[in-house]
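In the part that follows, the structures are each spelled out as structure tokens.
What follows is subunit A paired twice: with subunit B in the first complex and subunit C in the second.
== the complex of A and B ==
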């Protein structure tokens, strides 16, 4: 059996908190298998080695919030065969996309002593709005098992087993008692893509929507339930849809209905 | 079979659990967990939901205090026994690379021996339906068949119906006439707390013979029959008659679009339905590509991938997905398996986060027909 040449992996960060990259380090034992299978050619969180492309696969964390980032992502795209975005920031814009609903210059004046030193864009946008993306891995943060699955699928040239159905399916597969039905707690699970394994409902909280909209999100039906039986006010419903994935189109449109 | 009927005192119920455990069964019974009654492993009657009832409506469930000492005073648990007989995730086989080919690794766990205690009529009917699905026809599911063959069934008849129950209209309950090993009716009369027991199989008779028991009185038989009648008469919901033919003729009903506005395609109804059996296969490799395994996972007709065929998915609209679920349950199932796919347990109504009610949707389709 011929051994295949090790694919070269790069991990890049844009506007984000580093949490998703850290999921890769969090893989611990499995990480050794990853380093056996790929050559980590660029990953500042893990190694000082700063090697240049070309890459076979690049993982991108973070959203595009500055003109410099918008330029850099184009260069990275040119230097890699496959580009996989990881996390809510890279796939929808992240929590920083809250700026998309307001005037960013207002923040600059409040936060910075010299706003004129700051070069920023009006919006925080996902990578796919700037360059072609081969696979989007959702989550805030991503689930390390899903990350390994995507890398594994890429290395073995198969389709990743990443479902796009609702979080509720994972919740039921896990055997969790539905917090919305049995406790009256608002839960975004029915409109959120599976991925975490049903973490929050299993600890008696509603789903926060970390994995973004599921494949066919009927956010209006859920918002009606929140406003009706669960007696929430418009502001609470708006805030539910306006968090880590505020800029994902389905969540964005729903939140705009509750101004 | 009058000799197969007897009365067991509440204080002697523990002996039943002990005898079953002695025979190598793992007793699984209703138990309170996370604010709900679930089927879970138990060691004896003290683990049962004493004095607990349940309140249910569309998208709503709460536990209640009954104010008595009944152990089976609730109705059906949250999830059916399919979670035990047909687990949500199940490894089917694994393989490892061997030269230019591969070798199948034999690593199946032995099938568990469950004693299911507190099974309701609707649950048992659902199990008999899944038997047809998994064991009927040329492609029997050996794992299911083995788990099913290994199990001991103690059914309990309902003394009242939950607000979402409609087994009476589906002729699947609340009484049970076949398919069990032992049938119990729980009777509290003043200070007397007993179980009217009836064996339904040789296994059941053998167990009953070993339990401390007295002869059943006329009053006990009447109390049990009154309870069954109350459970049937108290049902607030019913499935309309002729629903199989109605739905088959209403595939273009405008009502499907109406449901789709409310339905989120979240799949909860299919997950909790005790007869739903759809699954998907997941093949995974390890990073080196030297090992592979195949897992069967519950899937749902509400997912887009479920109807994916070469080139795309067949059921892209919410209306088409809800129609698939409802027409399969209530109509095509009859052609496929000779019975309705709905036993009227009401779980899909309770655990739908927005409370969509299959009996109400059927009525609405009839009205628009």
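== the complex of A and C ==
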């Protein structure tokens, strides 16, 4: 029997908090099995080894916020068979995409004494706006079990089993009483993609949208409920849609209605 | 004439994106730059206009490695602004969560990021090839930290969902907390083994006369509250922090550098600082382990920070076990905040050093101004000073070995560069 070379994995980071690539290292029980199955050819957070492509699979965390990043992601795309984006930054732009709703120069002045030293783009954008992406894994942060599922699927050339339904389904599966119906707590669950496991309602708070919009979300109806029955003001509703996935089209469009 | 340039464009095994540039001419160091090219993310700007209740979930996203530091700092600042004092059981639960973050972050750094340097390996995967059991044990220790975070933090360790201004959204049940006890007992033994292991490493012989700055608390090894204290006599409350410390936008490295006023002096935050300032507050078991590993009450060799981190893992495992054993469910999960216009300060010991927050909110509870000073910003000047000394002492090394030694010296600080609230892109001046 001939032994085949292990598939080569690269992990790259753009503008982000590091949390999604840390999720791979947080797979404590599975990490050594992963490193048995793939060769980690580039993963700066974990290794000094700096090997060039080509890669079989690349995981990308973070959004594109500088001209350098925009160039780098093109090079990475050319060097890999499959490119998977992980986390809200990579799939929608992340929290730093709040700059997309304002003039970034105003932000520069607030934070930096010498804005002229800084090189930044006007917007923070998802990877898929720059290159073709083979799969987008949502979450802020991603769910590590979903990460393992996606990696496994790509290594075995099958479709990842990642649901696109609403967070509400996870509450039902878990037996969590609906916080919005029972307690009048505003919850983005009805328009947010499942994936975290239904954490917030089980913790007695409303979902705040870490996994971004579900497939065909009815954001308008939910916003009406926040404004009507829950008596929220427009600013509060707008901010609810403007967090880690503010730049995801469905959330972006809804938030723009509440200026 | 010899002209040597040591360059690392992208530092490995640090959290976030950093780089290093050293220029030596005729055996004289001309330039040392520890650069940060993590792109700015403008947290302090977009926090303006957000509700004080939203801030902890947003600041968590500054760093995926130490989200608790950013949540707790902002929560305490808001509570400080609104005059909320949380009861003892809530305080204990917060410390328990923080212990989890320390265990997770320190175990990650000690075993996966820093130990490979001392063993001449590229990474922990190489280490697993020669000693799989050791790496498995390290991963279990790290997991116990994450398990603590999940138990207190509402089900996930990265960006936990359960922390709020006033307390917790839901307090864990007694059974949930007591379930952690057997693992914590194992973790204490594993921590002793860790101290013995890393205490036996070879350390480059370098000492620095640091100004150490850390939190100090009258009853405990300070983690989540205390006064800001230095080994040179400073002892202040949080509102005075900005009278004594500031940051500057330095052209030569293009990064905000923390300094102590007056005279823009560098200072050192993190394990060595905490250890020196709070040695007397260490658990007796942690103190005797430190002695066995050859540590005095002050450690000035930055390469020995790995041993101090190991001692701190033991300290927080002991703390966490005591809290878990005594845990009683609080009467109420949180105190309801009453909004008013105010200014508040918060500061906690992130695994890599003090992390300072200041917020001004209006009478609707919306943020008017935010200031966050992460630990790695504060250490930057000191890291460059260390590099200067490390390069001077190691001129005889080959470029490749000197480069590695410099990387190791940076990793001494476990720099968390992704705290890009206001770190800048590095631009190298070409000559």
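We take it that the second predicted complex is superposed on the first by the 255 of 259 C-alpha atoms of A that agree within 3 Å, B and C clash if a C-alpha of one lies under 4 Å from a C-alpha of the other, contacts with A are read in each partner's own complex, and residues count from 1 in each chain.
The rule is simple: a residue touches a chain if its C-beta (ideal position, glycine included) is under 8 Å from a C-beta of that chain, and two chains touch if they have at least 3 such contacts.
Fair warning: this is a prediction, and the values are worked out from it, not measured in the lab.
In the superposition on chain A, A:222 makes contact with subunit B only, while subunit C stays out of contact range. Applying the stated contact rule after C-alpha superposition, one finds that A:182 touches subunit B and leaves subunit C untouched. Look at A:200: by the touch rule set out above, it reaches subunit C but stays clear of subunit B.
Of the two partner chains placed by the overlay, neither subunit B nor subunit C lies in contact with A:256.
In the superposition on chain A, contact of A:190 is made with subunit B only, not with subunit C. Between subunit B and subunit C, it is C that contacts the larger number of residues in subunit A. On subunit A, the patch touched by subunit B and the patch touched by subunit C overlap at residues 204.
Here subunit A touches subunit C in the complex through residues 13-20, 22-23, 25-26, 28-29, 31-32, 35, 40, 44-50, 65-66, 68-69, 94-96, 98-99, 104, 106-108, 110-114, 117-120, 124, 140-141, 196-197, 199-200, 202-205, 208, 210, 236, 239, 243-244, going by the rule given at the top.
Interface of subunit A with subunit B (complex): residues 30, 33-34, 36-37, 148-149, 151-152, 155-156, 158, 161, 163-166, 168-169, 172-178, 180-183, 187, 189-191, 204, 214-218, 220-222, 224-225, 229. Subunit B meets subunit A in the complex at residues 33-36, 38, 59-62, 78-79, 83, 88-89, 260-268, 271-272, 282-289, 297-298, 300, 302-305, 318, 350-351, 353-355. Across the interface of their complex, subunit A is touched by residues 10-17, 38-46, 48, 50-51, 54, 57-58, 61-65, 67, 108, 112-113, 116, 122-125, 128, 132, 135-136, 139-140, 142-143, 146, 154-159, 161-162, 164, 169-170, 248-249, 251, 254, 256, 333, 404, 407, 416, 418, 420-422, 424-425, 427 of subunit C.
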